[in-house]
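Just below sit the structures, each encoded as structure tokens.
Look at the two complexes coming up: subunit A is in both, with subunit B in one and subunit C in the other.
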Partner chain A sequence: MNATAYYLTTLLVYLGVDIMAVWALNLQYGIGGVYNFAFVLFQAFGAYIAAVLTLGSSSGNGGFQNYILGATLPFPLPIIAAGLASGLLAVVVGLVALRKLRTDYQAMVMLVISVIATLTVTNDTGLFNGPAGLSLIPQPLSNVVNPSSVGYQWFYVGITFVICAIVYVFVHRVTSSPLGRALRATRDNEAAAEALGKDVVRLRLFVFVFGNVIAGISGAVLVQFIGAWSPGSWMYVETLVFLTAIIVGGTGNNLGVMLGALLVPVGFNEATRYLPQIGRPGLIDALQWIVIGMLGLVFLWFWPQGIIPERRRRFAPTPPGTAPVSGSAGSGSGAPLADPTVLGEPR
Partner chain B sequence: MTASIFIPSVGFGLVTASILALAAVGFTLQFGVTNILNLAYGDLMTAAAYIGYVVNRHGGSIALSLLAGAAFGALSAFLLNRLVYTPFLRRGTKLFGMVIVTLSVGVIIQNTLLAIGGATFFTYNFSVGSAVHPLGFVFNTSQLMIIGLAVAAMIVVQLLLTQTRLGKAMRATAANPGLAQASGIATDRVVDIAWLLSGLLCGLAGVVLVLNTTAFQSTTGSGFLVIIIAAAMLGGVGRATGAMVGALVLGLVTEISAAYISPSYKEIFAFGVLVIVLLVRPTGIFTGAQREVAG
Partner chain C sequence: MSAAAGAAPASAPVAGGLLTVDELRRDFGGVWAVDGAGFTVKAGSITSLIGPNGAGKSTVVGIVGGAVKPTSGRVMFDGEDITHLAPHDRARRGLVRTYQLSSEFGKLTVLENLLVAAPRQRGESLLTLVVGKRYWREEEERHVVQARTLLERFGMSEKEDEYAGNLSGGQKRLVEIMRSLMADPKLLLLDEPMAGVNPTLARSIENDLVMLAREGLTLLIVEHELDVVERVSDSVVVMSLGKVIATGTMAELRARREVLDAYLGE
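For the complex of A and B:
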């Protein structure tokens, strides 16, 4: 049946987009310890850039939308451009927010930046058409496959998962490399990592930009599918949904956060869609947010490591005679480094 | 440069600054003492405004609404800390986990208000009073009351922090909790009082905010939270006096830019000021040697 196919394919595209987003945010928060409360801003920016680069000149469609940079680039250029644009924005934001500031200050600055961005886009109607947002965004390769067919829906699911796979290759390369170990070390104990010669600010800046490139790509994939984008889609609390997904799935674990993406943004929104509309309009929405908030609290209380916890990393015991701290930089998950006296012991 | 709109816009700036000062001092005081970034603060303001609304609609005076809002704010901030935040801390939730906890609590409060009150705007039943023009300013009685209340509250907070043993204990706890405890300060009690005081100011700010904007909804407080954080950061987070000055700067910047450029950009100007300050002096304008806080 057509309706089921449409529903299922839409769900799968959302799932792919959310998985990319949680991988990216997990890389920043779960692996690198960067408190990116402006995450959704970078996703949104990617979406806007991809949208204006496919919409063509702003005078098109009778000129009813105002926006910058109108162009008609062929697939997959808008998606790549979206990733680059979000990465560029991340460099600027990162240089302001990640230098020198204490981590809780960073969290505050990110929150502030996320809200400034929403206000700017809403008030400056020439940028991305203000509060009404952009619509009628053409779908990619619609000249090759008929965009109103079920086949196109499955085709787009394919595109989404191919991009997902490419993103995973990059994410996995970072998390499983020495770079990933250095990032975990700065997350677990900034001072110790710094003492071992790791450039904490550079590491954080790297993971911030890298993650936000992926955020931009995920936004682009989403907007090219749904065809519309407005400031209402990226309020700062949306970041909380992704963070909750990460906490539920398992902070620091790529597989775990994938499960989190399936359960929280996708599973939750869909499950509540079938509830009867009881009470006044907006009640179900409110209850949904309450449950998402509760879910985060319950997991942080009972299962702070999530459903699939981060793998404990073990390293070969240090042979006697070498520097006793050499293995400790990446000693991984959970508690901060043990006190220095323990590190000094032979075994 | 038209002088005729300058003085009135300074007046509006003072009103905004007063509301912001009440809120930002409460926010920064609690953060300084407890080191918990309470992102539920804005939603607590909205909740207090609702309580004030209920009192008002049952025939209570504005003074009674303010009192009810303040009492509700103090009590709920105290309970929130005792029943949610402190247990999480004891369970070993780290800094970032705590930020998620407070943000989740905020979302829960906001949407509970939405579920109970519905997605409509609420207005208090009151008159803003007649317009008065002291020194070329244009105020109504309600705005003068807001400024008066804020000035009084700021004086009380300042005296409390600098002139009393309790204030000294609070400053000591903020600077170094371990050392404060070792010197015989009952830091648990100081933390409780910090939450009560913060909640009281939060509740007052919530009611005063909606008296000034006249209409409010479930997202009013959380929308205001970010500019509260900006004011607190501008003055150096944890510093009450800094937050007062931060509020004054942001209040004036927003209203004067609204008068001369465009009201829709006023918050952006405020945040612009913050970003510039952060670039030049990341810990705020009024910080001396920055205290080191572990974790």
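For the complex of A and C:
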């Protein structure tokens, strides 16, 4: 019974983390048209920051780990700090990659940055303990609830979904607002959006930073649950799993990408555990990546809108007698509003 | 004064225009696409920019819109030097352009296409994140009314909820024009607004443009259809080989030998 509870709670925490991640990446890719192939880097950075801000000094635990910072901040400060740190890193990366380059080149730069970051963290052992990574990361509020109990597992599921709910409020505020509409316009036609007065670079930079703040938070939530983090946890292909979840679930739709998170990183990965052994050991794990990649391609080809397509925004009818905004053509003070009957034949 | 005498030989920018393009030059790898072009667009007028392929019209439009940087020269708009401003800064000052190819926001509805263009929206501010919908709802309702009035005016009300990407070529043109009007322009720069539009709708768009000018909007149009140019334009600027070779009304220009040689034919 305990084993089932542990398995279930672990799945739920992973689901919560993945949902936050796909919301964030969907904001960037699905809403803003930013191809952030370095997404997992920002999630990983948040995880590392949360870890080093809870582990205490690197001389602790016998000094077997080398890392920067080293503090013991109480919950939820490491998670907040992780979000802010990832956001800060995103400002730096965004200022380099998003200002001058076309979107396809931005994608290439992101991919390269992701690979460089993995190599840097792996080789610079003083940063986050190199390839061995960080372990024995304390779980939050473990002095209140016994962290090895099933109760704590469910408690952490609760923490995860509360954070998910908070994240959703902010994500929804963006996607349902004129800000989200401006981002979607930028995604659909960058030049036309700019010609209408939208500062495309600022919009892209905003969504890039905001999405990566969420990425950092999701990484922090995950690392505080599993207690360990190393370069092997965040290879660049992990971003492609999130991207596939978005494509499958429905690009641009928060509900759709939630479904994608359930189906791809959680459901698909778990389902393969129950497949019978085929061929040499490890073959199914190796094929997983191929199948996930093919899944994304199949959806892009046959079902590009995904399972739950982007929502069509309809507006409530205007109440009769509502006065239009005043203004005249060329005045720079409102659109021209001549008598509609002059030119109002249906076209 | 004869018609020929009424046409300026090659336009020198005149004072008092809403838009003044002055000695613009732009080279691409040693080839001068624009070579000292200059002209003025008077407030409240329709000015057409014509010329054979390769005359440099698109480059001039790109420079005026801000997408192309000039090698030298100056663009003045509403008394301000905007030569080095980004396209979005020009749009915010009231210089709004459309493109030769349809540039609708395909996955936004027609109404949303219009709403995007409303300038200085509270809902696009970062305060939206903090305050939420109550920060921008009232303003949004006003913009919806404004957009629906435009849709009604242009006979597109029935298409309000249609994805702009699903419209016909002509309807997309109308969406672009309506969207530009939502952006609160002082000058509308239209790059071949009739391209790919069926003749009936093209005639209708033509009437719309004339009506907008009568209401006080200034229009600068790049157009190949000379019949259209003749019907709608108060002034025509003729370009050839990167230079402005003449300005005037179409009637005046038809009497000019160099214009006939370069573009209009016999």
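To be clear about the criterion, the second predicted complex is superposed on the first by the 310 of 347 C-alpha atoms of A that agree within 3 Å, B and C clash if a C-alpha of one lies under 4 Å from a C-alpha of the other, contacts with A are read in each partner's own complex, and residues count from 1 in each chain.
Just so it is clear, contacts are C-beta pairs under 8 Å (C-beta built on N, C-alpha and C of every residue); 3 or more make two chains touch, one makes a residue touch a chain.
Here the structure is a predicted model, which is why all the values come from computation and not from measurement.
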Review point. Where does A:Arg102 make contact in the superposed view: on subunit B (first), on subunit C (second), on both, or on neither?
Key: first
Exercise for review: Report for A:Ala261: first if it touches subunit B alone, second if subunit C alone, otherwise both or neither.
Suggested key: neither
Review point. Once the shared chain is lined up, is A:Arg313 touching subunit B (first), subunit C (second), both, or neither of them?
Key: second
Exercise for review: Scan A:Phe206 for contacts with subunit B and subunit C and give back first, second, both or neither.
Suggested key: second
**Study point:** First (subunit B), second (subunit C), both or neither touched by A:Leu27
**Key:** neither
Check your understanding: Between subunit B (first) and subunit C (second), which, if any, makes contact with A:Val40: first, second, both or neither?
Key -> neither
Exercise for review: Quick one: classify A:Leu222 as touching subunit B (first), subunit C (second), both or neither.
Suggested key: neither
Check your understanding: So, does A:Val174 touch the first partner subunit B, the second partner subunit C, both, or neither?
Key -> second
**Study point:** Complex interface listing, subunit A residues touching subunit B
**Key:** 29, 33, 35, 37, 96-97, 99-105, 107-109, 111-113, 115-116, 119-120, 123, 237, 240, 243-244, 247, 279-283, 285-287, 289-290, 292-294, 296-297, 300-301, 304
Study note, to complete from the structure: Per the touch rule above, subunit B residues touching subunit A in the complex are 35, 37, 39, 84, 88, 91-93, 95-97, 99-101, 103-108, 110-112, 114-115, 118-119, 226, 229-230, 233, 237, 262, 264-265, 267-268, 271, 274-275, 278-279, 282-283, 293
Check your understanding: What residues on subunit A touch subunit C, complex-wise?
Key -> 170, 173-174, 176-179, 181-182, 184-185, 187-189, 191-200, 206, 210, 252, 310, 312-315, 318, 322-325, 327-338, 340, 342-347
Exercise for review: Could you pull out which subunit C residues touch subunit A in their complex?
Suggested key: 43-44, 65, 67, 86-88, 91-92, 94, 96-99, 103-109, 111-113, 115-119, 121-126, 128-129, 132-133, 136, 140, 142-146, 148-150, 152-158, 160-161, 163, 170-171, 174, 176, 179-187, 201, 204, 207-208, 211-213, 215-218
